[in-house]
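Read from first to last, the chains carry the letters A, B, C and D; within each, the first residue is number 1.
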């Protein structure tokens, strides 16, 4: 029993780490010769990937998976809320400037 | 027989302190005819140049003994503890008040001493230090007001056969609180009773503090003596 | 840690308050309510924060704070415009600043009611009694000195302006340590005086006090003393935190039974309504 | 405590719903993440107002260090999750080992963070250099304060696991929840400071 659980944790960790490494790939595709360029696609996908990671941490590491429904919904709502705030401030800020 | 607990020693520091405070008060050249807020920067600077020595020595005396009131307030807080209250809240409140006036007074005291440290500086700066000192000194009333009101409330709530303090002490404290209140608004005027050398902000306020210390000192002395006599009977 | 046996002449269970006009009920509550000291301190706290908000935000107009990036003439003009508000408003502040004392006493009492050492109550009491001086009074003094003589050297007025706002915003250590003392007491407490989440909220509050420190460094931007992070977010957290502990203290007083063990839960609906009405009158 | 440890594996057979740790800690998690969202929003808005400067300054950050930091914290989070599982099953020795690993990875994170700061400061990028580095140093250091508090929290975990008379599963879970919060806040900070363009 415990081994299956720990394998699950290992897989979760591997997924999180590979998502982190995906950033390196993103970074390499967008930058040319070390000069950074603004990119809405990169910004939005960086935020979205980070929030997916946050949700995985909530569900798996923090064991919300086994928690009562209200906590599942609350944490999901929170991820959505954070996403709305971050993307909202990014787009509103871009529109203003 | 009761152990020597120092309560009386602390109490008897009060008259000694009072003598020192009164002498320092008269030694400071700016108090007996309180300096006016209408003095120009040059006049203020001249005052600090001419009276440097008396300002320094009187304020050093105040610096040494300014905090001497704290043990007395704590003695009052301990008497509140003996009252017929259900919680120690009023006692705590008095402890919370105890440090306030000496702290503010020490700030004012430092500004006066700073003013006299280099009286040859630009007159504008000396005037600034003088303003800071006088305003801080005049508005140090908030904790004194709170302390009088809380003490009055504590006495009023002390309903037992032999209350710790008699009811008139409560009324006396209300009167003192009322006398101290106008000083809070001293910055509103250069002249008149509210100004920092005026009737209300200077004379009424400082006389009220002095009377409060004398009257509460006597009341406290009697109460402590009665308490000790009572304790001896019980023992 | 047991509560001290306070001498009481009145029994804990009192006869009902008279059912007359609200004035007579108020008088009865003031004189005889078994929890009169607690309710007194609580009401002082509520009124103090109301006054604080009105005085700082509307009368003196020092909150939300003006910009640290202003040049000297702008600062002098600001003082000219707010002259009377500052002098009168801070006069009232000096008059009522002593209300902090019963408020801090109530907070200390909440720690006294917990199953923790007295150390916490006394530390908190002293820390927060000290806090009023750098947190409010020094600022008020600098402000009235600047407003007293609008014609003094503008450089000096500018210095007083900086002194006022930096002493007000920049000395947050007392509040940080105070919140942490309260937090530790709540987390260790076994008498259920406060819910544990409030302890964690105290940690959040303490951490926002850290965030104000850059106000000493920056003249503009999010971290200046009027910045989005150093002021606005902190203010929201502070207001929320204050609101929460006012409500929780009210609950604590309703539950108080003057014994040493765990605080009982709130009484049932009927009884709660009764005690509410008693307190509403106070 | 002993009968509790005995009854928990049964719970695992038929999974019942439970809130990990004190529900109170979740209040902290949600509030603190909201607070950070506020900081992030301010950062993102200021960023859009002066994109050039932010991009130029961002070039001075080394993404590899950021990735290393993130992986170190993810490892520590993984270890504390294993620790919770082990202690729930009554396997206190593995639980202790995992708790120590958590502390170890936390220290690795902290050290690499400090080294990165030193590197940036040597390059002339300090807290007062420009707006980007204000946010960079602010966000990383407020997060580091959380990590430092986290060490106290992990100390509570070790203290709980150490002696058979304590071992409160609820406290262990509460502390783990705090540590995961530190982790996911870093995940967000990492994405916003290093990756966003």
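A few comments on the model shown:
Criterion: contacts are C-beta pairs under 8 Å (C-beta built on N, C-alpha and C of every residue); 3 or more make two chains touch, one makes a residue touch a chain.
Note that the structure is a prediction, hence the values are computed from the model and not measured.
For the interfaces C-D and A-D, the C-beta contact count is higher for A-D. Taking each chain's centre as the mean of its C-alpha atoms, chain C lies 32 Å from chain D. Rounded to whole angstrom, the centroid-to-centroid distance between chain A and chain D, based on C-alpha atoms, equals 15 Å. Per-chain CA centroids place chain A at a distance of 61 Å from chain B.
Separating the CA-averaged centres of chain B and chain C is a span of 25 Å. Those residues of chain B in touch with two or more other chains do not exist in this structure. Chain-to-chain contact here is organised linearly: an open path runs through the chains from one end to the other. Across the assembly, chains come into contact as A-D, B-C, C-D. Of all residues in chain C, those touching chain B in their complex are 4, 6-10, 34-38, 40-41, 87-88, 90-92, 94-102, 104-106, 108-109, 112, 121, 125-126, 128-130, 132-133, 137-138, 140-142, 144-145, 147-149, 152-153, 156, 160, 258.
Residues of chain A that touch chain D in their complex: 1-2, 5-6, 9-10, 12-13, 16-17, 20-21, 23-24, 26-27, 30, 34-39, 42-43, 46-47, 49-51, 53-54, 57-58, 60-64, 66-69, 71, 74-75, 78, 81-82, 85-86, 88-90, 92-94, 96-97.
In the complex of the two chains, the chain D residues touching chain A come out as 9, 12, 15, 17-20, 26, 30, 33-34, 37-38, 40-42, 44-49, 51, 55-56, 58-59, 63-64, 67, 70-71, 74-75, 77-78, 80-82, 84-86, 89, 91, 173, 176-177, 180, 183-184, 187-188, 190-192, 194-197. The part of chain D that touches chain C in the complex is made up of residues 22-25, 27-28, 31-32, 35, 38-39, 42-43, 46, 127-128, 131, 134-135, 138, 142, 145-146, 149. Within the complex formed with chain D, the residues of chain C that make contact are 195-197, 199-201, 203-204, 207-208, 210-211, 214, 217-218, 221-223, 228-229, 233, 236-237.
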